[in-house]
Amino acid sequence: MNRIRLGMVGGGQGAFIGAVHRMAARLDDRFDLVAGALSSNAARAQASADEIGLSRSYSDYRDMALAEAAREDGIQAVSIVTPNNMHLPMAKAFLEAGIHVICDKPMTATLAEAEELVQIAAGSKALFVLTHTYAGYHMVREARRLVAEGALGKIRMVHVEYVQDWLSEPVTGKQADWRVDPAQSGGGAIGDIGSHAAHLARYTSGLEIEAVAAQLSTFVEGRKVDDDAQMLLRLSGGAKGMLWASQVAPGHENDIRVRVIGDKASVDWCQTRCNELRFAPLGEAPRILTTGGAGFQGQTRVPAGHPEGYLEAFAQIYSDAADAILAGSVPDHLPSLQDGLKGMRFIAASVRSSADDARWTRL
Amino acid sequence: MNRIRLGMVGGGQGAFIGAVHRMAARLDDRFDLVAGALSSNAARAQASADEIGLSRSYSDYRDMALAEAAREDGIQAVSIVTPNNMHLPMAKAFLEAGIHVICDKPMTATLAEAEELVQIAAGSKALFVLTHTYAGYHMVREARRLVAEGALGKIRMVHVEYVQDWLSEPVTGKQADWRVDPAQSGGGAIGDIGSHAAHLARYTSGLEIEAVAAQLSTFVEGRKVDDDAQMLLRLSGGAKGMLWASQVAPGHENDIRVRVIGDKASVDWCQTRCNELRFAPLGEAPRILTTGGAGFQGQTRVPAGHPEGYLEAFAQIYSDAADAILAGSVPDHLPSLQDGLKGMRFIAASVRSSADDARWTRL
Amino acid sequence: MNRIRLGMVGGGQGAFIGAVHRMAARLDDRFDLVAGALSSNAARAQASADEIGLSRSYSDYRDMALAEAAREDGIQAVSIVTPNNMHLPMAKAFLEAGIHVICDKPMTATLAEAEELVQIAAGSKALFVLTHTYAGYHMVREARRLVAEGALGKIRMVHVEYVQDWLSEPVTGKQADWRVDPAQSGGGAIGDIGSHAAHLARYTSGLEIEAVAAQLSTFVEGRKVDDDAQMLLRLSGGAKGMLWASQVAPGHENDIRVRVIGDKASVDWCQTRCNELRFAPLGEAPRILTTGGAGFQGQTRVPAGHPEGYLEAFAQIYSDAADAILAGSVPDHLPSLQDGLKGMRFIAASVRSSADDARWTRL
Amino acid sequence: MNRIRLGMVGGGQGAFIGAVHRMAARLDDRFDLVAGALSSNAARAQASADEIGLSRSYSDYRDMALAEAAREDGIQAVSIVTPNNMHLPMAKAFLEAGIHVICDKPMTATLAEAEELVQIAAGSKALFVLTHTYAGYHMVREARRLVAEGALGKIRMVHVEYVQDWLSEPVTGKQADWRVDPAQSGGGAIGDIGSHAAHLARYTSGLEIEAVAAQLSTFVEGRKVDDDAQMLLRLSGGAKGMLWASQVAPGHENDIRVRVIGDKASVDWCQTRCNELRFAPLGEAPRILTTGGAGFQGQTRVPAGHPEGYLEAFAQIYSDAADAILAGSVPDHLPSLQDGLKGMRFIAASVRSSADDARWTRL
């Protein structure tokens, strides 16, 4: 029994994703959360730390990185769960202190920052893991495995969508505010959820997105960032695809779907029915794969027929991160620095393409 | 009880859509099929006519048009169910003879032909109806009505797809042969099913497609027409959309789905569950509309909970055509000459856009 | 081309199921409806006949039977679509006149009548077909075939339900009135839809219902017949089952579902998704069977992926009846006189069991 | 931040439900697991404790109860996760030591034991909570709330099923062995999952099961307990119902569904789509309730559209137990001693009814 000592930056009172990271880290019992800079406001940081029973509270992440690195029982890894524009300086501080980084997505606010981060990470022995949560779903991994094993034949198309409605109208509040502020988020729907969609397309298909023809829109008047992104994709190996990410589509709470279609078969997964994977070989009856099927090769915490959900997917990323830390390297199936960089290139290319009347733009 | 005397051109032995038209015409008992030129081969025409108990058989549609127009009990309307390249000359012959035309889609093989047909029709008192079958589904019409009544607010996005897999591999046979021969079909997936998808988008949203950025592909080697079409749409009123039509996507028998999304609500319809319409107002629980709900204003042949299908939708088009013929004009809700022309413009623009690297192309 | 000359008794203006029978008879073009006693009121009969363009109208079914039997071009078959208490005398009149009978379900109003009808039919060379519509769905037939071929192994359980809500409150109107009048219907939910459910259980499983332990209820105050039936079943070969038929269950328009479960696999079909059959072999991924699958052995009018519905299922019964008439005998897959008798035994046993505190009662 | 100190009895290496309890206790961070008698074998108990990093390991639960009660930092609550026949003595030991008990279901192996346990608990100030997991699903609670608030009107019917296939064939292994051994389990499907189904029916409907007419079956030859239970229910207030629990139904991994039907509306929930609740008011379109809807009054850990699953439901029971311990009493919405007793009466009545040819048997 060897839990990894974990710290957290961000995630104080009123924040959303920090608590999710903590549940994810806790579920599989691979981490001990022992330190945090939960807020840059010292009083708020302390109150937040007290509320969750955290022993060591900091208000400055740089202090935290240095202090923890100096302790014998200091944190081995840190979760960064702040607005995007803080990811780079924070990751830098911890990586340079030799502390592994588990960072929320998108990796940074800008592509330039992402490139800088890649440089920084190259100089550190510490690992960097990006929490593209959806890569933690067991059925997403089954999809990826089937594609990789050739069960779909040559991939023809990849269709992915990530559609929400929570920003359908002008919204304020801690969650909404920073996400629609370009200075903090670096972008809108394309960054917040488009980056997830793009990763999911790449992760399941095993292909790279080579170029995009994108139209980004801002449907809510006065909003400073895009809130809808629709685009055509060209992927490696000649595959074609479509991607839709929206935060302003009434009737869609958080609908994520990916379809990978080869010349022999297709797979179809959506988060609403996240415990199933539709696998349809050409000329045969479609099959509904679950964790109970003879062919299932993934991991699950509960017997077949007992649904897992979003937190379990998130926990999988954390458990994989624990394994990675123990092994000393980030495996292929875990979203990495390179995935983060590719995600930022995707965002940047989408923005450029959209500005240029949806012209095909290479990543 | 006043059945309309109907003729048919095409639809002889071995054909597919002719028999479907006949069932559709028969279901609601509004037509008497009394004459046909079921094949251009006289013997085959006669054998086909005998098989279905048709009293008057022709082998030349021009002879048929003239002879029927001259009879007191001659046909009042004709169904044209041949490959696309024959639609123009046939429609011309019957329209000029004063016989109403019910024509399969797409309207013609080329845009030039479509424009010519519009001219010809303008000079005839006979009506022209296009069988965009999906406009006959009661729940598609409920979607259209809800949009028209403003229940969705201002339309933001329209997403439509029509996806098949029957041409996933090189295929031969009467059905496949003409559809993949550019001379007979005028195009591939974009014409055969893309035209349906485009109509469905327009029909439900009440918007016009103003421009497309399309990538057409031919995934099966050696095929002379496109077999997959993916595109971005710009619609009237600032709406944005995406359209996917494919005949080479394993696992998709004939999957049709349209989503219209406004700033107040969205509707979502797919053919697989054609008796339901998902209506989701912002901030409220999505509702599954059926023919049994208090709000249903459409027509159905059977009590709520008894599913109707494709043939019933097709029959609705025929019943509406019968009404139109009696009324002397084609109503808005019935696919018309103008819809056919717009469909051909859509196809032509898609082809041009695709040839020009997916550049935005106006219809 | 040899259409069967058909008559109809019942189904005049204001009736429901008569029009459905006519559409069903018409769809596959195997019948010509030429005569009818659409109402016992002469004026109403004539007006109804005129409305649907029927050439020969009668007001007395006995006159009709005699007159038609005497004509060289008289009807070969008759559809009986009246309230249940008229089925016996009408079927008698036509069978004795040598005219084939296609009769709505349940076969009669009482078990004694059913037994009498069996005697009468034994003395006639004419056939008797019962329109248990759901036996006409192609996927119900695939279920039956899979069971018969042993794909499910030994059958363990059969679960069937037929649930409506249209009688949830006191209702009046032509449809409701006779159905809740014991003198005309012979019973309530158990007869009207329970008989369908029982047939569906037998039809798919290939087993006989040997005994029932039933509780019939009347939830709407003042109603003279049962409106809800819940029961346990014992079937041949040791299978156990449950059956629920209700007309007073809000939220269920007309939900029909049957599950047959063997020791090797199960099948699951519901009318809401009538074009699919879920086939789940033990230890393998469930498969969604459609008409497009390689294994499909049934009949369909349209290509895979184009949904058929209730009218197509009904039309299948009519087409099979046409085949039966031409062949001179009723095949196993078509609901017959014996099925009707077993249905009446099922109803009678259910009523007796319910009156005896749900005691196990043999059919 | 005040975590409750928790112990566990059972749940050592090779066990299944113990690990699930631990994840459930951990997810919401309300408990610290500090002691355990994970096995009655001392070496195995120690190895199991080491594996999960447990500080205090016991091999005898009586020693544990006494020792922990004597410590100032002793456990405040214990989870009992052993075979059913050990529940009574273990609960007795801890309750008598003043330690709260969180016990897996069914409450005991026999009704007599359950009655004894109720007596014992009456003499203790410690609380008793039963882990009927499904009562922890947020949408199950929404169903319960809607019923309680009268949104369904007067309840007419309750239909519940819990269907598995993992015992479809003779199976051995730690999980299967004790469950099919009457001495350890006290029964088969009726106890293991029928008790869950009965609780779910009661929990959602707010009604008591007054009588059952049951047929229990053993489909797998040589098995000493029932593996399938089908029954009719009579519930308080005149409602009627049906319950099916099976462990031998191929194609059903762990399918749980409950429908509560009133005279004004119905609710329908199934575990496969556990984040949705279908709410269908009479005469209106059915609504798909989610956590994102305006009316949602429950608790969730993640934003709307992010699915929760079985572990989250289980965690809810634990969090509610934490609240109950702090409050000093078990609230209505948390499965209690009385629920456990009623569950045992349900099992006993079902067994008696089945032995008496499905005669109606009062609980």
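All chains are identified by letter, namely A, B, C and D, in their written order; residue positions are counted from 1 within each chain.
Keep this in mind: a residue touches a chain if its C-beta (ideal position, glycine included) is under 8 Å from a C-beta of that chain, and two chains touch if they have at least 3 such contacts.
The structure presented is a predicted model; accordingly, all values stated were derived computationally and were not measured.
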| item | value |
| --- | --- |
| Common touching chains of chain B and chain A | C, D |
| Chain at maximum distance from chain C, centres defined as averaged CA atoms | A |
| Inter-centroid spacing, chain C versus chain A (mean Cα positions, whole Å) | 55 |
| Approximate Å spacing (C-alpha centroids) for the pair chain B, chain C | 35 |
| Euclidean distance of C-alpha centroids - chain C vs chain D, Å | 42 |
| Residues of chain D engaged with two or more neighbouring chains | 252, 286, 290 |
| Complex contact set, residues of chain C against chain B | 1, 3, 16, 19-20, 22-23, 26-29, 50-53, 164, 166, 252-255, 271-275, 290, 292, 301-312 |
| List of chain D residues in touch with chain B within their complex | 279, 283-290, 293-295 |
| In the complex with chain D, residue positions of chain C that touch it | 156-157, 159, 165, 168-169, 213, 215, 217, 219, 228, 230-232, 234, 240-242, 244, 246, 248-252, 261-266, 268, 278-282, 286, 357-360 |
